[in-house]
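Dumping the structure here so I can ask a few things about it.
Order of writing sets the chain letters: A, B, C, D and E. Residues in each chain are counted from 1.
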Amino acid sequence: TNAFATNGFIVVASTTSTVNSGLFKNILPKFTKTTGISVRVLGVGTGQAINVAERGDADILFVHHKISEVEFVKNAFGVKRYDVMYNDFIVVGPQDDPADVQKAKNVVEAYKKIAAAKSIFVSRGDESGTHKKSLEFWRTIPVDLVNSSGKWYREAGSGMGATLNLTSSINGYTLTDRSTWMAFQNKGSLVVLFEGDPSMRNQYGITMVNPTRHKHVKAPLASAFIGWVISNDGQAAINDFRISGKQTFFANAAGYKKIN
Amino acid sequence: MDSSANETLPNNVENKSARILPLVLKNVSYEKAGMRLIKDLSVTFNFGSLTVILGPNGAGKSLLLRLCHGLIKPSKGTVDWCGPKVSVPQRYQAMVFQRPVMLRRSVIANLSHSLKYRGINKAERTQKIDNILQHTGLSRLAKVPARLLSVGEQQRLAVARAWSLDPEVLFMDEPTAALDPAATHSLENIIGAIKKSGTKIIMSTHDLGQAKRLADEVLFLYRGRLLEQADASQFFKKPNNDLAQSFMRGELLWWNRQELKPPEQLKERRQK
Amino acid sequence: MDSSANETLPNNVENKSARILPLVLKNVSYEKAGMRLIKDLSVTFNFGSLTVILGPNGAGKSLLLRLCHGLIKPSKGTVDWCGPKVSVPQRYQAMVFQRPVMLRRSVIANLSHSLKYRGINKAERTQKIDNILQHTGLSRLAKVPARLLSVGEQQRLAVARAWSLDPEVLFMDEPTAALDPAATHSLENIIGAIKKSGTKIIMSTHDLGQAKRLADEVLFLYRGRLLEQADASQFFKKPNNDLAQSFMRGELLWWNRQELKPPEQLKERRQK
Amino acid sequence: MEIGDAFAAAMALIINFESGLAEIVLLSLQVSIIAVAIACLIGLPIGAALAVFQFPGRTAIAVILNAMMGLPPVVVGLIVYLTLSRSGPLGTLGLLYTPTAMIIAQICLVTPIIAALTRQTTEDLWQEYAEHLRSIGIGPWRAVTTLLWDNRFSLITTILAGFGRASAEVGAVMIVGGNIDHVTRVMTTSIALETSKGDLALALGLGIILLALALSVNAAAFIINDAAMKRHG
Amino acid sequence: MEIGDAFAAAMALIINFESGLAEIVLLSLQVSIIAVAIACLIGLPIGAALAVFQFPGRTAIAVILNAMMGLPPVVVGLIVYLTLSRSGPLGTLGLLYTPTAMIIAQICLVTPIIAALTRQTTEDLWQEYAEHLRSIGIGPWRAVTTLLWDNRFSLITTILAGFGRASAEVGAVMIVGGNIDHVTRVMTTSIALETSKGDLALALGLGIILLALALSVNAAAFIINDAAMKRHG
């Protein structure tokens, strides 16, 4: 039905949060059906995803750390970054909420309460988008994380899923993106304790790897995918994706917003 | 193997009244890979006498010794110890294999290993080993790793090791095959002394002179069959069996036995 | 080992003019773990004659054969082949070990394995193997895994295997030790025939009768030293060396040699 | 308790046998078996040669080989990744994120294991065979052939150790394969994925299936080996 | 190219020797060595016993043991995790996310490897020793002792194979240890972490240090073994 129906494929370097949530599994068939292009998605840490893209081992970067993405484009690794969608970060913790986080007015206060109570907080500790976000909040509070590390402040050094597994078995607190949380099945006694602070927004962006830098990048196919993702069809598909009946990602590509 | 030292041989004469003997084999057959290697063999070994097993290569001498010693189980028939202490017959036996197994240890450790497992305490062990090393001419090799010994030295060690266990029944599979003439002579003296001390010896040999010198009783094996069991004196005068006769004349080649007009029943072997 | 079949022995007489012989050992010593096991040995082996090495257990007979065959390197001195084809001396030699190595294969595969590596083609191999199996009485065991053979059968296979290589020099380390009397007799005939076909045989034995029957030349080894090299007829009449004399009388026990008043220089061994 | 759930999940996976699972199982087997086969082709002769050849530095190589049994999968994955990456030396082949890349990574992991264990086993047999083989004058390479052949029934355990490492490994295939659905997803990466999703029962269920597979391969190897052993004595 | 960077990173790590690295290195060694030691205590006798004892189901156990050499670390990690987790049967011990949990997981991984390889090696020696040992009438357990002792120089490779698996493994220790900084972070989990951060040079640098460690352990084992061999002939 179109020019690219040549069984071509592209590689998208993305994060575990999008892969684990099942978003790609849900929306990619729609893209492949209309274009014939298949998409191979890599779910790795944000840092690793950027590294993979920088080396030219992917055609597209699809992550959620805007500062790094902008840097990526500025250094001519990528062509142009587009906003795609967002969701938010949430603080999860044990149902009995020993630090009384539920009553916090904003996320910084929630963090303060955890530090004050010396309740166990599990940090990703892997320089991922989520980890960097969490550090932003910690930095606003006078707390000595270095000395607390290994005591109440635990640096898990692993992906969101593994960190959640850890948090659920030691009944700690952690910051997670909502999509991973919604798809996560080993919640144990963990519940969402704090959400809704505007500073907890989690923005995803998409960038094509620079084909002048990496000759083998399949620019036409990659543009087709990016075009589709930020098109009305793609954005609708993202909005239609549900985990247990709830919308997970909110499409916000520039053009789409206008139409809405 | 100093023949002059018979009086100091470390065997314990007073203990030697039949504990596990006699040994009775009834209709024993041994099959392996579809071949009948020992056929319908019945024999009784009694206390006291020295039995020599004769027969050409591949006759089944080693298999018979293994069957008696309990290392392999007969496919048919029974092997029974009929003495008063038959619950642990292995304790009262020892064997010198045709190809002795050398533990990856020194000569002395090879000896003490088996003594230890027979529950002999350290002091007694050391003394016993010293004594036996001297009698088998291995004293100066005591600390050499056993696997580096010459073949003849290994055979001596195997004899020393079995002998040290002070068995009631001692099986020996061609114990002098690798020994030099003097050592052979000396071991024959030792064997005589062991026998005198009340140990039943059942051995195989290809040395007919040795058999004549040592045997009280002879078994003649041929292709897995016991063709003759006789008193030594009678056997060495003239065996009854025609195959035994030609064996004694140094003629019996088992692979061309058709020329020797053998009994009909011997034909079945290895036909498959 | 059918002695009546000497005429059909598979050796290739016409090829047998010295290719690697003579073999010259000059001041050869062999040390291991600080012990001098072969001491200053010089000897030349010439084409034609059959050499028998005699000596008590542990004298160094097997080590000497290994040194000659090139399996171990002397610590001092030289072992040289001086014939015209010395670039690949291994091709023209074969050895029957005292403890033969049985490849984990059938009898026939044990034979064809070495023939294959000597570049003999399949048809010739098959014929040669058939012939040799018959002469060593192993035909009916052809397909049996070699490691299951009786010890005597294994020794025959080892002889067959070395013989099949049709060597110019054949080393044999006590090749009849495990053979029955008839097989021993037969192998002696075969050895005679091999020798007649032009093969140099260097062998050790503890059977003095056999040595007398076969030897053209005798080496007498004692504690790593060559004490006498003599014509067989002369040696068996009366050896010059006093230790050789007592060895021939069946008296020489190497561990009590002090009683035999040995030469002074023999004292150093294994003092450390 | 979850172990029960895991068995239920495993049964459900097998009963509602989806083509997705079949695909993953087949790819796992294919990658591991090819990797082990190639590792054998390289590792068996190297191991046996190390037992036979005498040369300076032989012990050093043996020690290095022993140490390389402990090559961390992630490190191997990284090295293969850097080599096959577009900006790496073999980037033009475009092998990254393909089953071939996974096979290459596993070959790197398994070859040292097979070579080191083969060296040990062969050395024991060489002690026995050396004099005979050197006596008949066969060269060391032919000695290697003889030793490998005569030792084949013992070497099966060595090969199965290599197979175990290959089929269980996740770190290297994850990095060079990328765990891409329908392309490079294998059993172990699926298990890791389900674990990170927190679906422990499903992860364990997949684990049970993987173990059953390993058991079948081992049983098959044993049966073939045993039959051959019976035939050859 | 990154390999160069990796060596630079490794050198930098070693030169600016931080206490953080020392902590990780020590914990790695400690966990792996303790795990292998315990796995030997269990695996060596089991392997040797399987070679010696004759009983129905013996082959089945041998096959299962061979297959268990391929236990996937993630699966072992999960099972240990479920057992030690608060809601699991041993939850009250509070061992999850401690070095002890990591040791337990590695014991599970390494024991089958040591047992299976020991069985093979011991079987070869038992073939040689069986008649003598049975002749002197020692029981099978004492035969096991004799075989293990007389085979100790060959078994070193087996033990090193187990050590290789333990020290290189990441999947299991990640799940049961959690890679918690200052508590359960070891070399392999650090490497995985740096990889996921995209700092491949640092990851490889750590990998090089880990390999150097493995090499030292192997060289030490070799030297000790060789000295003992010289002494005992």
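Basically, a contact is a pair of C-beta atoms (placed from the backbone, for glycine too) under 8 Å apart; a residue touches a chain by one contact, two chains touch by 3 or more.
Given the structure is predicted, the values throughout are model-derived calculations rather than measurements.
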item	value
Common touching chains of chain D and chain B	C, E
Interface with more contacting C-beta pairs, comparing A-E to C-D	A-E
Distance from chain E to chain B - Cα centre to Cα centre, in angstrom	47
Separation of chain A from chain C, taking each centre as the mean of its C-alpha atoms, in whole Å	81
Intercentroid distance (Cα basis), chain D paired with chain A, Å	35
Contacts with 2+ other chains: residues of chain A	44, 159, 162, 165
Junction residues of chain D - those touching two or more other chains	88, 195, 200, 233
Shared-contact residues (touching 2 or more other chains) in chain B	33, 148
Pairs of chains in contact (touch as defined earlier), listed by label	A-D, A-E, B-C, B-E, C-D, D-E
Parts of chain B lying in touch with chain E, wherever the complex brings them together	66, 69-71, 88, 90-91, 93-95, 97, 100-101, 103-106, 113-114, 117-118, 144-145, 147-148, 165
Touching residues (chain side chain A, partner chain D) in the complex	11, 16, 19-20, 25, 40-44, 55-57, 159-162, 164-165, 168, 183-187, 214, 216
Complex contacts: residues of chain D adjacent to chain C	128-129, 131-132, 134-138, 142, 146, 150-151, 232-233
Complex contact set, residues of chain A against chain E	44-52, 125-128, 149-150, 154-159, 162, 165-166, 169-171, 188
Chain B to chain C touching residues, read off their complex	1-2, 32-33, 55-58, 62, 98-99, 137-141, 148-153, 156, 174, 177-186, 206, 208, 247, 250-256, 270
